[in-house]
Amino acid sequence: MTAGWIDRALSEHEQQTAAGRSGSPQPLPGTVREELVLERIDRVRRARPRVREDRITMSHGAGGKATQSLIEAIFLDAFRNPLLEPLEDAARLEIGGARVALTTDSYVVSPLFFPGGNIGDLAVNGTVNDLAMAGAVPHYLSAGFILEEGFPVEHLNTITASMREAALVADVQIVTGDTKVVERGKADGCYINTAGVGLVEPDVNIGVANARPGDAILVSGPIGDHGVTIMLARGELDIEADLESDTAPLNGLVAALLAGTPGVRALRDATRGGVATILNEIARAADAGVVVSEDAIPVRDVVRGAAELLGIDPMYVACEGRMVVVVDGSEAGAALAALRAHPAGAQAAVIGHVVAEPAGIVQLKTAFGGTRIVDLLVGDPLPRIC
Amino acid sequence: MIEFFPDQPDLARVDVSGVRRVINVGLLSDEPPVPGDWVLIHVGFALSKIDEEEAASALAFLEGIGQAYEDELTALAESRIE
Amino acid sequence: MRFVDEFRDSEKARALAAKIAGLCEPGRQYKLMEVCGGHTHTIYKHGLEDYLPEQITLVHGPGCPVCVIPMGRVDDAMALAAEPDVIMTSFGDMMRVPGSNGSFFDAKARGTDIRMVYSPLDSLKIARQNPDKRVVFMAIGFETTAPSTAMTMLRAAAEGLKNFSIFCNHVTIVPAIKAILDSPDLRLDGFIGPGHVSTVIGCRPYEFIAADYGKPVVVAGFEPLDILQSIYLLMLQLSAGRSVVENQYSRVVPWDGNVVALRAIGQTMELRPYFEWRGLGFISHSALKVNADFAAFDAELLFDVPGVRVADPKACQCGEVLKGVLKPWECKVFGTACTPETPIGTCMVSPEGACAAYYNYGRLTRTRVTEASRT
């Protein structure tokens, strides 16, 4: 927001209400008025995304609404082509008759070392997972390093050793890479970018747009472990907990799932923005509604406790080794069994399903018995005071 | 509340579901909490001790309401049979 | 979690809801105001309104300390942060509150040193670690948070810190409630009293509401059963024609409040003669400032604060939402010009604000909700 943002927002509002309905919808009896406002909100949400700020803020990197606007208004707009449009975790390509999945991710986590792993683990597992979410068997990774002047070589050794281990476990090879060094003060020690390539089997067709009413939604394990671990590891908070990141490769779990369940529609790993963001992506891409039950979503006690202390909601907290599965309703049981049979999915659970109405909206049935909406956040979850 | 720090009387360590945190208990100096007590924490300070007796009586009231409701429901169900 | 899970039991909720419905006089509408932002949050987060009969409407009052800060004060804070050697520290939900030229987040993007903290003590730590900088803490909140700010200043004084100060925007809840009670365009039947503020000020300050205005008050906890039980107690009073102050949150709130906390506030702060509240105008004796004894920690004395008054944008109806006259969706710009991404008024930016809570949590009409949850 810059100076004069209020006037701009208001004149847009004037344009919209003049163009749309005749005048502002009031005064009217209670429920009819509400409906009109809901429609207004929907119209605004579906309108062409624009980036209003003239500088990038941290919100643009959080995975919520601001990130979405940035991607659609700037990157998609500039590079537009049919392969990019689906905006899935990995692009699905046809090259010389082979079905190839291609993905890339950059890792800028701070601190670099945390309980449960380090930036190297994330760099391999994250990209392996993006390929697995496309239903691809991951094969090869590239690894580009941006190192800060003064970064201890010993740390670099630890990171690359972790990457070697992670690649072994995930059964992929790191086959090419790059190194750059920047001056002290840039790059926070070490940034890593990995790109990955994999092959999709002929009969596999997975994507969030495939989700349809009646589908069941599952999650592969307890949520929020990674994000809370990182927040605590930043050390500013004087809080300790026995908690570690859930970073893990999911390709083995995906293979086990696909083997037993032909009706899998979509897979998404719940990274930044958390499960809540994935559910919204599903609702949006499929133009359907999503209903989940708070009771059914697995969250470790310690994550719940830390989240309460920090004033944030685990639904929006990043994981690095959990996925959301959308599967044909009739196969929910089979999918659950397949996930639970694998060590990485031992605590998998069915958390809800896809419904026809209201389209584009994610609803949560609270443990208490009421209902509420789970929307995208604008940026990072901000802790509540009071 | 878990423990105090002998050299820093204003500080204490608390535990919530396995999450441990150091907080300032200076606002409770008139009636300092002891290990085992439960406190209300806000922005790093303990604001109040939780009174177990009051909590118990609040819960008892709720149980009573719940039980009365159950009884009513049962009575309702039984009366329908006729 | 103990003392939390027991108060989230849905069966007991149904029992309470039945009792509440039973106490409603046929044909009568009831408007109950919940003053505290934390209560608004719980109500929406757990979908509590689904448990209430149509006859009862919950009205959201000015209990969001971030919401009521006028734009001019935000601009002042931004000016402080922009000083070259200043590190501004602030709680999370203050970061997105818009002033005339954007928010703390935007200023951070432009290079201003603004850091998020979880406690005023964190600011002290930053001050100790950066002796060549001046650290300012953006102090906001009701009487719940003021004691923590006070204790922090006491500690800063004890340590002889020379580079720490606060920009004091603490407000007090009772004058705001009185302003609402005195406004002609409001019809309220009772109050769900603030929970955490009451741990500090106790329950006595609300007695005038029951005695002079004849409205019952029940001080409520923050779990969903606490709120339902408090509504039940209010309805009991209303059906018996009584009006007194009751303390449902007795497990945490002492009737006399926290004397140590009040003492700390008294040692370090004093009431301002008047203060502007967003949407409510100027209210006398409704806010705190650092007192003369602690002037060394008063950012308003140490720095040149512009102090320009910025009128609320004409289209913004935050005031009426704060007073409970309008429901969030009844505001003309709700959902179009004013959204969580572009919050014109702070009712939208803070998660405790009525509009943000409604937008994020409660957007569906009750009929759509019951239909969807049947599937």
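Each chain gets a letter, A, B and C, in the order it is written, and its residues are counted from 1.
What we mean here is this: contacts are C-beta pairs under 8 Å (C-beta built on N, C-alpha and C of every residue); 3 or more make two chains touch, one makes a residue touch a chain.
Here the structure is a predicted model, which is why all the values come from computation and not from measurement.
J.: Taking CA centroids for every chain, report which one is farthest away from subunit A.
T.: Relative to subunit A, the chain whose C-alpha centre sits farthest away is B.
J.: Between A-C and B-C, which chain pair shares more contacting C-beta pairs?
T.: Result of the comparison of A-C and B-C: A-C.
J.: Return the distance between the CA-based centres of subunit A and subunit B, expressed in whole Å.
T.: Inter-chain centre distance comes to 36 Å.
J.: So, what's the distance in Å between the C-alpha centres of subunit C and subunit A?
T.: 32
J.: Counting in whole Å, what is the centre-to-centre distance of subunit B and subunit C, each centre being its mean C-alpha position?
T.: Each chain reduced to its C-alpha mean, subunit B and subunit C end up 23 Å apart.
J.: Two or more other chains in contact with one residue: find those residues in subunit B.
T.: In subunit B, 16-17, 43 touch at least two other chains.
J.: Residues of subunit C that contact two or more other chains, please.
T.: 1, 14, 91, 118, 122, 144-145, 196
J.: By the touch rule stated above, which residues of subunit A touch at least two different other chains?
T.: Residues 237, 301, 304-305, 308, 385.
J.: Could you list, by residue number, the parts of subunit A that touch subunit C in their complex?
T.: Against subunit C, the touching part of subunit A is residues 1-3, 5-6, 9-10, 12-13, 16-17, 24, 26, 31, 33-35, 37-38, 40-41, 44, 52-53, 55-59, 65-66, 69, 236-237, 289, 291, 301, 304-305, 308, 310-311, 353, 355, 357-358, 361, 363, 365-373, 375, 377-379, 382-386.
J.: Contact residues on subunit B for subunit C in the complex?
T.: Interface residues on subunit B, with respect to subunit C: 16-17, 24, 26-30, 38, 40, 42-45, 47-48, 50-52, 54-55, 57-59, 61-63, 65-66, 68-70, 72.
J.: Per the contact definition, I'd like the list of subunit C residues that touch subunit B in the complex.
T.: By the definition above, subunit C touches subunit B via 1-3, 6-7, 9, 11-12, 14-16, 18-19, 91, 118-122, 144-145, 147-148, 151, 196, 199-200, 225, 229, 248, 250-254, 258-261, 264.
J.: In the complex of these two chains, what residues of subunit A are touching subunit B?
T.: Within the complex, subunit A touches subunit B at residues 237-242, 301-302, 304-306, 308-309, 385.
J.: Which stretch or stretches of subunit C touch subunit A in the complex?
T.: 1, 4, 8, 10, 13-14, 36-38, 41, 44-51, 63-66, 91-93, 95-96, 98, 100-103, 105-106, 108-110, 118, 122, 140-142, 144-145, 196, 224, 313, 315, 329-330, 332-342, 344, 351-352, 359-365, 367-369, 371-373, 375
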